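Paired with chain B in one complex and with chain C in the other, chain A is shared by the two complexes that follow.
Right, the complex of A and B next:
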C-alpha cells in the first residue's frame, strides 16, 4: 500500500448557511499533500460542516473546494474518491467484516477474488487479520472502528476524512487508536482531515490544527505554536489551561489590580493594545510560587492547594478577586495553607499580551 | 403471585377468550353434516371442503381474490416502502400532511371509503376492474406497510447510506445494498399483512364487485344471503388457517431480521 501519496486540498472562502444561521463563514484552508490537519472546536463551531462539505454531503452556499487542483465543490460524495471514517463506525451490520471492507472495491467493479485479497490486506494493516468472517456485532468498539478505517483506506484514497472517530471509545482505547491512526498516516502518506472537540487528541495527532468558533477559523498553526502562542483569547482559553489577568496598559507596562507593574518583553505582544484595558495571559505551569513580598512577584492570597502526586495545583486570588492558577512540582514546595499571603512570579518569557479584554 | 398479577392475568385471558370465542365456535360448524348451520355441530364430514374446492364459482372467486391480494401486497410493499423512506429520510415540509393522508384509511370508516371509491370508480370506469380493486385495497392496506417499515427504518442509522456513498456507491445503490436488506424482512411482513387485508376485505369489494368477477368475501356474502350452508364456516376455517400462517411467517421474518443484525457468526 505504499506509494500512494496524499491529495492536496484547497478550501477557498467556504460558506454554509442554514436559513439565517451561518454555520461556516469564509473558511479558507490550504492543506499540503500528506498533512494531518485537525479541525478543532466546540460543538456548533462548524467543524463537522466543513468536513461534510469536503466529503460532498453538504453543498456549500459559497466558496470552493479543490482537491488536487480540481474543483469538487458540487461533486457528489461517491465521485470524490475520499475515504471517510464516521463517529459511530457506520459498518454495514448485515455484511461480514470482509464484505464491509471490500464494499468500496465492489463499487469500483473489482472482481471477487481480488476484492477478497485486498480486503484481507487492509485488515492486516489495521491489525485485524483473520477477523474477516465475523459480523460487526461480534467486535468491540475499537475493533469496529479499525474495520471502518480499513474500509476507508482499502481503495487507497488520497484523502482520508475522519469525523470524531474516537469519541465513542473509552479513554485507553482512544489513546491506542490515536497512535494507530498516526502510524497509518505516516505509513500511507495520505492526507488526513480529522474533526475533533478533544484538544488533547488534536495536539497529539495533528501536524496542524485549525480552531473554529462560530463558523470561523480562530487560529491555524502547528500544535506547539497553538499552545505556546494562541492567536486570541478564545484560542488561549480553548487549548489547555490559561490564566487570564485583566490589566491596564499604559504604553510601557501592564498594571495589575493592586498596582503591581509587569513589563512584558516585546515578544509577548500577540496583539498590540492601545492604552487602556488589555489581558495578560500565562500558562499555570509557568507561574512560580514563592514567599510573599519576594522581589518581582505579584502578591496574592492562597485559596486552595490541590496535591496530585508529581504536581500540585495552587489556586490563588489577586486582591481584586482574579483567580490565578499555578501548576508546580510537588517536590520542594513549602507547606502552604489557605488564606496565607504568597508571591507569584510571572517569568517575562512566559507572558502573553492580548489587546482584548477577557470575559472573566 | 400477588393478587394484582392474578387479576391482570384473569383480565388478559378474559379478553383473549372474548376475541377467540367466535372463531372457536365457527370452526367445528365447518365439519357438521346437515346443509344448514347448527351449533353444536351434528355428525362429522369433510364434505363442505370438497364442495368448496369442487365448485368452479367458488374457485373462480378464490382465484380472483388471490390475484388481487397478491397484486395489492406487491403494490403496497413497493409504494409503502418508498413512501416511508421519503417520510422518514426526506426533509420536505409536506411530510406531515403526506403522512396523515397515508394513515387516514385506518381511521376513516371503510364504508365511507367504499362509497367514495364506488362513486369515483363509476365515473372513471375502474369499477370491477382488477386495477380498481388493487388500487382500493392498496389504500386500506398501505398504513400497515408504512407502520411495519417505519419501525424497521427507524432503527437503521441514516449515516450507513452516507458511509456507502463515501465508499463510492450511488444514492440508489446505497439504498439497495444497505438500507433495503436491513428493512427487507419488515417490508415482506408488511406485504403479508397487506395480502391478508386484501384477501378477506368485504366492504369495499361489496361496492366494487361486478357481475362476473367477485372476490371470495363477496361470494360468501351472496351465499349467506341465499343458502347459508356450512360451506361458509369451511371457508372461514381455511381463511383463519391462512391468516395464522401468514402472521407466523411475518413474525418469523422479523425474528430472523433481528437475529441477523444482532449476533450469530454467519448471519
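Right, the complex of A and C next:
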C-alpha cells in the first residue's frame, strides 16, 4: 500500500443542538496531517457527536468542518472519502469478508479482479490474509474489528475515524488491537480521529488528546502534558488519580488546614487565584511519606495502608479531614499502622495550583 | 455467535415433552378443525361416486378447470407483486419515523384489521359501481366519457385483494427492516455508497427474509381467497375458491369439489416446499443472517 499523506482537518466553532440541548458547543480543533487525535470524555460529553459531524452523519447547527482546506460541513458522508470503524464493527452480514472489504472499491467503480486483489492486500495488512471467503459471523470479535479496519483503509483514505472501536473487545484483545492500530497509523501516515471514554487508551495511542465535557473542549494537549499539567480541575480529576486539597491563598503561600504553609513555585500556577479559596493538586505518586514533624512536611493521620506488590497505597487524612493519597514504592517503606501520625512531603515541582474550588 | 431462539430466551432448551405440552392445544385444534375435515373431504374425492380417480380425471379432461387454476395462480402472483411494491415503502416509512407519525402510519397499516373482510370488500363494490366515486372521478378528469365497467372484473379483484392482504406484507418487512442496525447504513455511506446503492446493496438483502415471509403469506392466502373474488369478480373469470364453492353449494357435487380442494392443496404444498427449499425457511424465521 502506498504511503498516502494524511488529511489536514480544521474544525471551526462547531456546534450541534438537539432542541434545547447543546451537544457540541463551539468546538475548534486543528488537526495537522498524520496526527492521531483522541477525543476523550464521559458519555454525553459530545465526543461522538463531533465525530458524527466529521463523518457527515450529522449536520452541524453552526461552525464548519474543513478537510484539506475544502469546506465539507454539508457534504454527505459518501462524498467525503473517509474511512471509519464503528463500535460494533458493522460488517455487512450478508457478504463475505472479502466482499465487505471490497465494498468501498465496488462503490468507486473498480473492476472485480482488481477489487479482489486490493481487498486481499488490505486483509494482509490487518493480518487476516486467507480469511476472505469466510462470513463475518464465523469470525471472533477481534477478527471482525480487524476486517472493519481493512474495509476502512482499503481505498487509502486520508482520514480514518474510529468510534470507540475497541470497547466491545475484552482486555487482552483490546491491548493487542491498540498496538495494531498504532502500527497501521505509523505505516500509512493517515490522520486518525479516535473517540474513546477510556483514558488509558487515549494516553497510550494518541499524539494529542482533546478532553470534552458538556460539549466543550476542556483541554487539548499531548498525553504527557495532559497528565502532568491538567488545564482545569475536571481534566485533573478525569485523567488518572489526583489529590485535590482545598487551600487558602494569601498572595504568597497556600494555607492547608490552619497551620501548614506551602509555597508553590511560580510554575505551579495553572490558573492564578485571587486571595481566598483555591485548590492545590498533586498526583499520588509524587507525594512522599515520612516521619511526623519532618521539616517541610504536612502533618496527617494515617487512615489505611494498601499493599499491592511493587507499590503501596497510603491513605491519610489532613487535620481538617481532607483525604490525601500517596502511591509509594513498597521497598523501604517503614511499618505503618492506621491512626499513626505521619508527615507528607509535597515536592514543589509536583504542585499544581488552581483558582477553582474543588467540588469534593 | 448464536442467538437464543424464540422459545429459549435464556438459551435454555425445552425438553421435547415440554415442547409437545406447549403445542398440545394448537395441535388439537388443527387436528380437529382442519386435518380431520380436510382428510375426510379428500377421501370423498377418491371414493365417490365410485372408488378411483374419476373426479381428478374430470378436472384434467376439461381445459376450463385448468384455466381457472392458471388464472388463480396469476392473480395470486399479481397481488403478491403489487402488495410488495406498496408494502416496502410503507415499511421503510414506519421504520424511519418516530413519535406521533409512527403511531399514525402503524394505525393506518393496521386499520384494515379493525373491520371485517366483508365490509372492506363491500366498500370496494360501492367505490367501483357504475355510479360510484371512481367512475365519477374518471369522467371529471376526462379519462372516460361515460361510466365503464369496473365492478365484477379481474381488475377489481386484484385491487381489492391487494388492499385486504397488504398488512400481511407490510408487517414481516417492517420486522425485518427494524432489525437492521442503523450502523449498516452509515457504514455503507462512509464506504462511498449513495442512498440508492445503500438501498440495493444493504437494505434490500437484509430485508429479504421479511420480504419472503410476506410474499409467502400473501401468495398462499391469495391462492385460496374466496370472499373478494366472489363479491367483486366476474362469474366468467372464476378463481378456484369460487369454483369450489359453486360446486358445493349450487351443484352439491361434494366429491368433485373435494377433488378441486385436493388439487389446490397439492399446489399450495408444492409451492411451500419449493419456497422453503430455495429460500431456507429455517434461516428466515428467527434464524440469523
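For this structure, a couple of remarks:
As a convention for this text, the second predicted complex is superposed on the first by the 359 of 360 C-alpha atoms of A that agree within 3 Å, B and C clash if a C-alpha of one lies under 4 Å from a C-alpha of the other, contacts with A are read in each partner's own complex, and residues count from 1 in each chain.
We adopt the following convention: a residue touches a chain if its C-beta (ideal position, glycine included) is under 8 Å from a C-beta of that chain, and two chains touch if they have at least 3 such contacts.
Computed from a predicted model, the values in this text were never measured in an experiment.
Model built by superposing both complexes on chain A: chain B and chain C clash. Judged by the touch definition given at the top, the superposed model places A:217 against neither chain B nor chain C. Once the two complexes are overlaid on the shared chain, A:92 sits against chain B and chain C alike.
Legend: residue contacts after superposition of the two complexes on their common chain; A:298 is shown touching neither chain B nor chain C.
Looking at the shared chain after the overlay, A:134 reaches chain B, while chain C stays out of its contact range. By the touch criterion defined above, A:192 lies against neither chain B nor chain C after alignment on the C-alpha atoms of chain A. The residues of chain A shared by its contacts with chain B and with chain C are 55, 57, 76-78, 81-84, 86, 88, 90-94, 103-104, 107-108, 137, 151, 155, 161.
Those residues of chain A lying in contact with chain B across their complex are 55, 57, 76-78, 81-84, 86, 88, 90-94, 96, 103-104, 107-108, 133-135, 137-138, 148, 151-152, 155, 161.
Partner chain C is touched in their complex by these residues of chain A: 55-57, 76-78, 80-84, 86-88, 90-94, 103-104, 107-108, 137, 151, 155, 161. Interface of chain C with chain A (complex): residues 1, 181, 183-184, 186-194, 197, 201-202, 205-206, 288-289. Those residues of chain B that touch chain A in the shared complex are 157, 159-160, 162-171, 173, 177-178, 181-182, 260-267.
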